[in-house]
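Given below, in the form of structure tokens, are the structures.
What follows is subunit A paired twice: with subunit B in the first complex and subunit C in the second.
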Partner chain A sequence: MSPRYLPYILILPVTLFLCAFFLYPFLLVARQAFLSDGGYSLQNFRETMGYWKFSISLQNTMLLALAVVPVQVSLALLMATMVSRMKKGRDLVLYIWTIPLGISDLAAGIIWFAIFEQSGFLNSMLTGLGVIDKPAVLLGYQNPLLVFIAIALAEIWRATAIMLVILVAGIGLIPKEYYEAAEVFGASPWQRFLRITLPLLRPSLQTALILRVVLAFEVFAVVVALGGTLFPVMMGQIYSYQFDLQNAGGAAALALVVLAISIAFTLVILRALRVPKGATI
Partner chain B sequence: MTPVTTAAPRAATKAPARRVYAASVLLLSVWVLGPIYLLFVNTLSSPEAVNSFPKSFIPQFDLGSLAFFAKFDGMLAALGNSVIVAAMTMVMSIAIGAPAGYALSRFEFRGKELFRLLILLTRAFPLPLLALPLAVLFIRTGLDDTTFGLALVHTTLAIPFAVLITFSLFSGIPIELEEAAWTLGCTRLTAFTKVVLPLILPGITASAIFAFVISWNEVFAAAVLTIENRTLTAFLLQKLGDAPIHLKFAGGFILVTPALIFIFAVRKYLFAMWGIANR
Partner chain C sequence: MTRFTKLAGAVSGLAIMLGATWAQAEVLFWSTQARPVEEAQAMRDNVLKGFEGGVDYQPNEDGPWLTRLQAELEAGSGSIGVLGGLHGSFSAMNPDDLVDLDDLGVVSSSETYNTLAKLGTDHLQYVPWMQASYIMAANKQALQYLPAGADINALSYDQLIEWTANVEAATGEKKFGFPAGEKGLKHRFFQGYLYPSYTNGVVRTFASDEAVVAWEKFRELWSHTNPASTNFANMQEQLLNGDAWIVFDHTSRLAQAFNERPDDFVAFPAPAGPKGRGFMPVLVGMAIPRTAPDLDAAKALVSYMLKPETQIATLKATNFFPVVNVELPADVPPAVKAAGDAVAIMSASPDANPGLLPAGLGDKGGDFSRVYVDTFERIILAGQDIRSVLDDQKAVLAKIMQDSGAPCWAPDAPSEGACPVE
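Then we have the complex of A and B:
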């Protein structure tokens, strides 16, 4: 076997696999979205985007991402800087903080349901403290804001860990001489964070944000577990087109909308946080 | 061992600031662990206690809820399916991904950048959506409603991670080690199996576990692609509307526990994996 061909032989399985199960299905979903009644048209888009639930679910998905992602970035940055100056117990704290990484969105939804359901822990605590005298319905149609807050909390709780891991790894790559020099010149911890950590962390922030934003548009099981049908989101709509309405074309059209939004945001993040040419640590 | 170096300030922090710092660490840990603890309280209480009000914040250590979960029709089969799918995903993503990770770390070749782009591109896509067209395709090929069909989709989810993680692992092994083995009479293959593989095995195990967790936790594609052979996540999702709440909590507990153990097992590798995977 000639060594010239070796790398190609090694990457062949992945390439074939991704062509068959990533690129090809992508083409299929695009075709299906434009296909209706045997011909190509925008019928599926008109139908799904004209349905009254479309604008609500799009709005909900966006609002949720808008509420959740900035909190996660700040929280992950805070946790990452706290960990980086830790001497004792660093491994234990990091393990605890990354636990949610292994928890599925469904399980996270169930966990927060235990807190917010009517006979749940929040109501138990509130009655115990005498704030309310009987358990209130928290996750009902009467409290749309509370449903939103519960879902946002569950998402923040679950998915901050993935950003934390990426940022901790990124901070680890910043040479500590920079911090020592800054200290010699009398920079405060806040200045060191603003002038050293943040700029040098840009590639990691980029990765973390793209991953997180794309996942935020995929939010599904948390919402089902906590809000049921009270809080329609895009993935939930796609699921109900596929199953309840048996309308694969409609599901495909909505899937393309989600894909387009994800790609648009990825490009925006890539551009906004681009690393200047030739600038490396 | 993480390659993370700390930027500890030289000057001793003042006592009040230290206390605030310690309190914040504690608070954030409680924020993470508290909700999990409450789930455990619910799981380890009898169904009657779970449905009663007000709730006790201390578990009764009653296995009634878990027994109900185990007896629930179809639940154990779903649990079995989850394990099977996750195991298949684990094997396939490493078997297919690791060679590519090795190629990326050891060779310069034409099209390398294009290949990296293909891998990175998958991360910018909401991959579970691709289950929709595959549902149709699988019906035609007879893979519909099979654990193998679902494992194929989950492997697509896990493969980018497998490639990037193994790439960073192989990059951590100096090529000189392999070259030394070659001069001592090893072929490329035996140098790999005798020198590189033993060094890399713990890391490979860690990334395999990571693939397992990705599959174990996936909900959307599982719900789309399986009907009779539901995985645990898909089955629970279907039952969310009408199941008694103690069933939900026991299900959540069964989903969370392996993940806790697995993250503990791979904790050393999490940061090393992401450090280079970023670039």
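Then we have the complex of A and C:
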């Protein structure tokens, strides 16, 4: 066999798998979104985007992404730098930090719900310490800000590790010589971080950001567990169209809207964090 | 490959084949009911064990339930033998996808249910399986705060509001619990209880002046309601942990409280408004999809489920009541006793105003309920003006009725063609 074909043969199984289980279903969904009453039209889009909760859920999803992703980037950068400096116990710390990654979204939501609920850990702790007289309702409809903060906290706790893992790998790729040279010229740790780590981390940062931002638009289970109907998000709307209203066309249309937003943000990130031509580590 | 791994592979392959043929022989009962693990196990051990040929009872969430069914229908062949689901799940389907069951010779003892089960066609599309209703329940500690002269078995909405206010004044906590969470059944309260009690209708009177009064009253009740209610779905949990003392919910979503601590709680009828004591049944049915692999076995299972002794076993397993006339044994669980009495008092009360489940809405059943949930969220949670919200939502409701062409159902006055929103 000619070695020229080897790479193609090696990626063939994955390609076939993706075509069968991703591309084909995706085409079906895309078709369904434009199909209503037996003909092709934009009816599903008009219906779902005209619903009064659409703008609220779009806004909520965006706000949540805006609040969560920057915190996660900074946290992940901080944690990755700390881990890469460690001489001993590095693996152990990494394992512990990535535990939330192994927990399903819904389970994470339920864990945080157990903290914030009326008879939850936070309330029992506060009453036990005598800070408050009796358990307060934290996740109620009259505290929308608290609901938002609880969801943001749960999301940060749950999904920072995915960025951390990518960034740790990225930092490992940066040659030590640059740091040694910088030290010789008297660069402070902060300068080294800004001038060496950040620029050279660009490709990993790009990957991590794309992954995280796309996932942020798909947030669902954590929101359901903590906010219920109080905090409608895009994925919740899709779920309710598919299963509560049994309107698969509407769900498909909304799914395409989310896809469009994800693609738009991916392109922006790709452009903003692009690696200049010819630049290598 | 060593000889051992070869052998292991062959044995496991054989086991999978045997397993597959074994599963084929059983009837797959694909249900949205009796989902909690204990209930599902009780269904398998106490209800379905007596069926010859065996049953594979698989309860599922509505979403996966429907997804698999639709996949099998689209493929034109399947393994589901019998479907178990709410009236609303069946009414959202195309009746052609369900086998006509007239020749079975088994029906419920309620003519109303049998008519509902035809789903607007001339033939029985599903067989009523079991029923339940929504009632009120209270912690006995709350009884001392009942308004003077109030009879717990004949409460009015005003008395309920006063009662919840008394409890709040005495304990400093809002102790009324309402299942307003994502999975809560709040829409049934509006459709079957609040609207009939205040407006003697559900659709026609949606935006009437009486409806404004109804929402004002509900807003008053809400002011004494535990604000965490927007996370509540099964009020038995809040009864048991004390977060709520007076609650409204589905009988089977209160059962655990009565079964665990029968002496601590009372069940009682829903309150009455100016137009009577509105209440609504819950109807669960069994149907056979046209793709059922073994039609005879599936039909035999449906007949088996309607036998009096199976119905009593089902009652014990799920806290859902029989749909055929049976003599209830003395050893029923406390929850069944409590809920049964409350439902009996409710339906026999002189001002009873029973409503029917929404019918004829086809696949618009979800949209229909969303109108009421949205109205609740806008008026109560977002604090918007009642009149303008009702006028706004009225247009949505009118369009749903127009699109589905559903005629009015009780307590709305009958209509020619689609039920109008007045």
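Definition applied: the second predicted complex is superposed on the first by the 270 of 281 C-alpha atoms of A that agree within 3 Å, B and C clash if a C-alpha of one lies under 4 Å from a C-alpha of the other, contacts with A are read in each partner's own complex, and residues count from 1 in each chain.
The definition used in the following text is that a residue touches a chain if its C-beta (ideal position, glycine included) is under 8 Å from a C-beta of that chain, and two chains touch if they have at least 3 such contacts.
Computed from a predicted structure; not experimentally measured.
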Combined model on subunit A: subunit C and subunit B, fit or clash: clash
Subunit B versus subunit C as contact partner of A:21, first or second or both or neither: first
Partner chain(s) touched by A:119 [first = subunit B, second = subunit C, both, neither]: both
Partner chain in contact with A:110 - subunit B first, subunit C second, else both or neither: first
First, second, both or neither for A:141, with subunit B first and subunit C second: second
Subunit B versus subunit C as contact partner of A:62, first or second or both or neither: neither
Partner chain in contact with A:52 - subunit B first, subunit C second, else both or neither: second
Partner chain(s) touched by A:224 [first = subunit B, second = subunit C, both, neither]: both
Which superposed partner A:149 touches (first subunit B, second subunit C, both, neither): neither
Most subunit A residues touched (candidates subunit B, subunit C): B
Contacts of A:242 with subunit B and subunit C, given as first, second, both or neither: both
Those residues of subunit A which subunit B touches in one complex and subunit C touches in the other: 113, 117-119, 224, 228, 239, 242-243
Residues of subunit C defined as touching subunit A within the complex: 62-63, 66, 92, 172-173, 180-182, 226-228, 230-231, 241, 243, 363, 365-367, 369-370, 373-374, 377, 381
Subunit B contact footprint on subunit A (complex, rising order): 3, 6-8, 10-11, 13-15, 17-18, 21-22, 25-26, 28-29, 32, 79, 82, 84-87, 90-91, 93-107, 110-115, 117-121, 123-124, 127-128, 135, 157, 165-166, 168-174, 176, 179, 183, 189, 203-204, 207, 210-211, 214, 217-218, 220-221, 224-225, 228, 235, 238-239, 242-243, 248, 251-252, 255, 258-259, 262-263, 266
Residue ranges of subunit A touching subunit C (in the complex, touch as defined): 52-53, 113, 117-119, 134, 137, 139-142, 224, 228-230, 239-240, 242-247
Subunit A contact footprint on subunit B (complex, rising order): 2-10, 21, 24-25, 28-29, 31-33, 35-36, 38-39, 42, 51-55, 57, 95-97, 99-100, 102-104, 106-107, 109, 111-112, 115, 118-119, 122-130, 132-137, 152-153, 155-156, 159, 163, 188, 213, 216-220, 223-224, 233, 236-237, 240-241, 245, 248-249, 251-252, 255-256, 259-260, 262-264, 267, 270-275, 277-279
